[in-house]
Amino acid sequence: MHLTDIREKLAARPDLTRQLAQVKEQVATCIQCGTCSGSCPNAGFMDMTPRRMWRAVLTDRVDMVFSSQTFMLCASCYVCTLRCPRGLPLTGAMAELKQVAFGLNLDRFKRSTLFYKAFMDNIRQYGRVRETEMMARYFLAVKDPRVPMSYTGMGIKLMAKHKLHPHLPTWGPGRLAPLFDRAKQQER
Amino acid sequence: MDYLYYPGCSLEGTAKEYDISCRALFEALEDRLTEIPDWTCCGATAAQCVDPFLSVVLPARNLALAEKTDTGLDVLVPCSACYLNLKKARQDLWENNALRAQVNQVLEEDGLAVNASVRVRHLLDVLTRDGAVDRVAQLSENRMKGLVIAPYYGCQCLRPYVEFDDPEQPRSMDALIRATGADVLAWDMGAVCCGASTATTKPQVGKELVGRILDQAKTAHAVVTVCPMCQMNLERFQSRSVPVVYLPQFLGLSLGMPAESLGCGMNLSDIRPVLSRVAP
Amino acid sequence: MIASIQTKDHSITRTLQDFFAGMLKTGAADAVLVPSRMSDSPYVKPCLIASHDRLDRTVPLGPGFFVNAGPMMSRLTRTRAGSTLVAWLRPCEIRAFVELTKLRQGAREEVVIIGMDCPMALSRTDYDDWAGQGNDMSDDVEKWIQTVYQKPVTQVDAWPVSRACQVCDAPYPVNADVSVMLLGGDLDREIALRADTEKGEKLLAEMDLSEGQEPERRKALLADLETERTEAFQAMDEEMLDQTGSIESLNRFFSACVNCYNCRSVCPVCYCKECVFNTDAVAYAPTQYLSWADKWGQVSLPNDTVFFHLTRLAHIGCTCVGCGQCTLACPSHIPVSDLFISVTRNARKAFDYVPGRDDAEPLPLSVFQESEFTDIVGMGNKEAT
Amino acid sequence: MTDQIGKTLVIGGGISGIRASLDLAQAGYQVLLLEQSDRVGGLLSQLDTQFPTSTCGMCRMLPMMERDRVDQQCLRRGLSHDNIEICVSTDLISLKGDPGNFSVSFLSQTDGGRDDCPVLVVDDEKIVRDSMKEWLSEEGYPVQTADSAAEALNLLAEGSFKVMLTDIKMPGMDGVTLLTRAKEIQPDLAVVMMTAYAAVDTAVEAMKQGALDYLVKPFDPDAVLQMVDRIFKDAVAENARKDTVDAVILASGATFFQPNLGINPYGYGRIPGVVTNLEFERMLSHAGPGGMDLVHPVTGRPVTRIAWFQCVGSRDIQTGTPFCSSTCCMISVKQSLLAKTMYPQVTEACVFYMDLRTWGKASDDYARQAKKAGVRFVRARVHSLAPGLKENDTGIPVVWLDPSGDRRESLFDLVVLAPGQHPDAFLSGFAKDQELTTDDWGFVRPEPFLSGHTNRPGIFVCGGATGPRDIHDSVTGASAAALSAMQVMASAGRQTVQNPEKTESTGLRSDGVSLFPGALVIGGGIAGMAAALAIADQGFDVDLVEKTDHLGGNLVWLQTAIEGAGSFLEEQTAAVQGHDRIRIHTRTCVADTMGRPGQWNTRLTPVKDTAENTDADRPEQLAENGSPPDKSSGGKSPDVQVRHGVVVLAVGGAEASPDRPLPDNGPGIYTQQQFQQALDQDAIDTGSPLHVAMFQCQGSREPGRDYCSRICCPRSLDQALRLKAGHPDSRVVIFYRDMMTPGLSESAYTEARKAGVVFVPYEPGNTPELAADNTGCRVNWTDPILGRAMEMAADYAVLATGIQPGLSRDLARLFGADLDRSGFFDQADIKWRPVEAMDPRVLACGICLEPGNLALTLASARAAAAKAVSLLSRETFFPGKDTARVRSAFCSLCQICIDACPFNARFIDPETRTLKVDPLACQGCGICAAACPSGAAVVTDRSLAPMIKTIHAVLNQPL
């Protein structure tokens, strides 16, 4: 059921299908040596190793790819990219998988999607990131009281060090809104 | 030497002390930092995830602003994430004419244009290669003698662009630390990932990774960092109390600068052990 | 096939003499090689006898053993003679002949070898003594035979058998065509013969003998012999190590040697056509002797005494058949064979080689196996060969 | 001019250079051998042992003929031959000219060499100064460094320098100002500017002010060396020695990757227990630093746990090495086996590999021996020696992932890195100067179908300069290159050096043996044709015997598959058929032979007339080659007697039959050859999207046929790429055990992956299941990485069954040779004498010798021809002082020595009834002398005297 779900969603998005094909092309010469997975500081937290992720991509197992959280755990440390004997842009490929996953709007990535959306809205609004406001909007969007609670301790610490922006200056429709819009247009 | 300065969003918020100490240190070293006027966010991790094109446009805007100053100066970036975003955008725009044209169409209406000629450099690159080592050595009078310092580089100032240091076994901070009279901890965790932004969303990851790193630093008096994200993670996830300071804070202290002038009250970790060693 | 000869007149010697005569009469053999006395002298030597009426001086079994017949067989068989020879040999003589055939110094095709359980031997002085005890040697011989085959003995009356025999680990025929099984037999009644080869069977068939069987006690006796002799060998081995374990003691051991080279002459397997000690290699210039005397303080003459024995040891290290002739022949009473048997029996273990055991077993030095002595040839990896 | 002795320049004194030089010298030509380092032997002098003998056999390269002209000594200690002038520590300065007339100039390093070319490096960055100093010092340049322009000026004032390399951007005085000031002090100083890419403009500007050139940071060490070498050569050119040669053989070899360059993830140089395989080779050697013990280089403690890491600087884009280095797998297999068997203390010997490249006919079995000895083979690439887990008292922690993704960890005392082979600085400079065609990585690319020919006529190449090579391929290639040089010299009308024995005392000596002047080549495939042509071209008669009715062998069906092979086959066939020294006997085989080796009188007879004989490709037919013919048929054709001095076995082989029965008219199950033929005949519609499953190692590398055929993996890749090129949506899955794409063929592997071919590894015992019915094929397997059951429907299933040699034991034994355990020709030494039997007059080439592709087949054919030509160009051979002699007076003709001689070198001369020694067969081993009961067999130079002296000294020690 899940498989059909993802395949259907992909079929409806030729741009994402194309992007996934690009990822496959990027990692085509992978020889499954496992250097990436051995090097990855987060491999231990992943539900599948990066090597298995590439294998799934190469064998068109999209169901496996997008039922995994692996690419979400990539910290962009670039060690795999540095060491891959095939010189594959693995960190970039992980980021692309992330993009496809967000694009597919899958439930499992909802929280992260909301987080990044809040972040981008923040930039659109202020040009720079106002961390407090961003987190507030994120918490509102998540609609899960447990999430803000887990960040409370940190917030208090930062507050104590005067590192949070307590005031929310207003910028009308948004400081970078025109730029964002033009970019959106260009993209099409 | 003079530089254009791109602080980035973190340095306005959670990493305020990094910004403060950076500016103070360069002043003390008699180098001038000129903040890029009207700079905006580089897109951080978010842009790359949700909108690849925007992840070029956002840094490109800042590069265009830097070029617009017409000073020919290098752009100095203290935040490793911002550094990578700006650097990556510069490389991509340099190599890809079509992309550059596309981006410039977006920027045009703001009266901006990017030609990717400006050089983007990380703070550490500038400090190690532009002669700061000698000046610190002259001015510090070995003030930090007796301290053992663990240099922590993180990832994105070293990788994927190999510019000024060995990406696996970095050594560039050694000379700076020794110039203060301090000893460098012989460890090999300096380039090991702390979890970066993943630690924000998956705290258990940060906890374990940072634990591994700080375990190896237990014989050091302090860890020195060059990235707001690393600093945040190292301070936030520590179970033992290891002082973590920004490199410019540490260098500033070694020059005898007052702790307040370096934002030393804002660190989340208890850095009194470092401060007490240098108190006059 | 096992056959039996009825003992006649309580004389085993006589019985065997008739046995040989029968072969010559029937034409089963053109000649027989049997130890025989010269006129009335007590000394025996292998004699080639072609006439059935010239067998009365033969002594097929007895303590006299002054020539190993192995090399004699070599002389008789080096090229084809076109006739059938029957040879009556001690186990160590057979062994010597087998070794020589491997060196192509003889051939077995025209010979039928009859080997016997060994009657052992006496040293020359003891033999003189023994032979001089009565007027008619034949009684003493019969007594000797009756004594040595009934239980393991190391001496008969007052006379100890030679040391080589005391430690011999194969006193029974190996590689014979016919084996005469004397140990444990009721020799007063019969002698058992076993054909070990086709040739042997043919010979026994032609002699038209009755069926026999191996003496019941023979196997047990052989086992007893083996135990005793292994112990005796070990004792001798230790003695030798003690007496010759250093260059200094080795020099002392051979100090009585006068370089007569008798040991070399009687040795059945000392095979060189031209001994290196008879060549220019050891014909030194007078100045050489002086310079040695100068260097070492003294040179005993004739020189190269120990060197000679060591060379012989090296040459026959694998093939020494342990017959003890060298000791018997030594005018200086040096127990040469004690040392040779002890050293060579140990050396052979390295090649898992037993002289005389098998015609087809090649001489160790004529085959090179990379797996041998890996510590010496430096080929550490046996797997890879 | 025509009475001049032919002379060839050989560049490089490694094993390829030695082999080529010796072949030329034996054929009577002169050789000028130049070697940059201070000794010959090259990389091999650092390898203590070689597989599969696990000993060193380098001296087996020493010639079998006219042996007294060569010092019979260990080649690690040096080489000496009357016809070879060896110049070690010598640099090639220049080379110009054409075949038959090259002028060469060269300079001894001791004679105004690099130590007379001091270099000054000026940079404010210590790391730059240090690394430049290291690189240049290693090449023999005296180097001084300065961290500022001011210090540089001081040094310039104190002493003189030939070259100054200076940074541009430095605190204080900049590099351009330094340039001006330095030129004031020393006007002839060659100055090279060093700059970051951003400041290239400044560097260009500096050149206007007198700088010679510039280098862009970050530096490639090779670029730096080339630059300095160029300056050095220009400066010393006038002191150089000059000579004229007819041909040139480039055998400069390759260099090993330095693991501490680049990101150095294994901490080489940092972690004391991490060593290279060359360093380990020393440790393993009993003559090494640990003596008889295997101990840790720093702690001195016994080593019990050792790990080998493969592909360090090979198959790694990050180190600029997309290719495989061919040899490192077997070096590690050998070292692990030796460590495990020589030192019982070694409890853990573990080789980490990606593909265990046991290609070739002896390797796989050798690896099996290692497995049996307890060596552990782990298919994993260790990503790095984990940070945070430092070498401590308990050992070096090694972490890897097993295929399922589970983390594994073990402690080792030693980690042995297997660094790859890279082209060296000399090669890139030489190739550039001589305008040689190179591949993308800087190796010289030989011309197709002309093994060892470069694009420059008269300049030939062999060994590591053509890409990573093992000993076997290097030695074969070197002999082939020597043949090419001989051909150049012959066509320039050059003479050979006279045989000294012949001129001095032929009449006086009776112990010589001579050869009948002609060659018999058995097998009319491409190997046989190439060998026959090469021998005939040098002026010797050749009888070429072919069992079928046509020439060409396997190339007949392969010609379409290999680009250009069709016209090549046509040319060769025409050349053979039109050659007036070649007699072709088709539909003929060898009946029997008489005479001693070298004086063979061989009877050829027509093969029995059956329909099958026209079909060359069936193994059972080829296997019959040489077996006694059916005398009852074909009585009309008379037998032919051929007298010949050498014989070349080139009977080829064929694709092995699959060990599973192919279904009759089975839907789409093909052998690799059948599939190839179907592709070539367009019987398969590659333009439509096909599903194809290819199965490697079908019956290969398994008991029964336990060798790798070396050609099947590249062929599968070729077929897969062809399918993908035909239609990109074609789905091609290759099931493999280890992809055997050594050397530069690795790029085809990468290409196939790039094209989307899916590769699935399997282990024996876990073979994917192939089922077929009339609807098609179905494959089921478990993907080891995904851990999932997978299946595919395939239009075609292709079985790569490998090569089966077609040489019969009877035929080999007819000439005193034999088959090896796999049924190929048994070489005198698989590495060092790869194309000959123990008797050098019995040669073999092509795939009856060993499995290989067309290039290897041609190389072995030309190598065999080189040997044949060397032998045939000499009339009589005499025993040398290193061969055995017979003192007939002592000889009792017991023939023990004949039995004992492993080389069939001793025989009884029927005329004189005396024992004689065949000097070409005798190896001087002395076994005869040990076995002879009479002291009649002696080896001249092994006299009794030293032994007697020793015994005297022991026995007569003063009491």
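Per-chain numbering from 1; labels A, B, C and D assigned in written order.
The definition used in the following text is that contacts are C-beta pairs under 8 Å (C-beta built on N, C-alpha and C of every residue); 3 or more make two chains touch, one makes a residue touch a chain.
Model, not experiment: these values are computed from the prediction.
Compared with chain A, the chain whose C-alpha mean position is the greatest distance off is C.
Between chain C and chain D, the centres computed from C-alpha atoms are 58 Å apart. Averaged C-alpha coordinates put the centre of chain B at 97 Å from the centre of chain C. Mean C-alpha position of chain A lies 23 Å from that of chain B. Shown for chain B are the residues that touch two or more other chains, namely 167-168, 192. Within chain A, contacts with two or more other chains are made by residues 44, 82. Shown here, the protein chains touch in an arrangement that is not a line, ring, star or fully connected set. The touching residues of chain B, counted against chain A in their complex, run 9-10, 12-14, 16, 40-41, 43-54, 57-58, 61, 84, 102, 105-107, 109-110, 155-156, 159-160, 167-168, 192-193, 195-199, 201-205, 208-209, 236, 265-268. Contact residues of chain A toward chain B in the complex are 41-42, 44-45, 72-79, 81-82, 91, 95-96, 98-99, 102, 111-113, 115-117, 119-120, 123, 127-131, 150, 154, 157-158, 161-165, 175-176, 178-180, 182-183, 186-187. Touching chain C in their complex are the following residues of chain D: 51-55, 286, 337-338, 341-342, 366, 369, 372-373, 890, 892-896, 899-900, 902, 925, 927, 930-931, 933-936, 944-945, 948, 951-952, 954-959.
Across the complex, chain D is touched by residues 24, 28-39, 43-44, 48-49, 51-52, 55-56, 58-59, 61, 64, 82-87 of chain A. For chain B in complex with chain D, the touching residues are 119, 129, 131, 134, 166-169, 187-189, 191-192, 212-213, 215-216.
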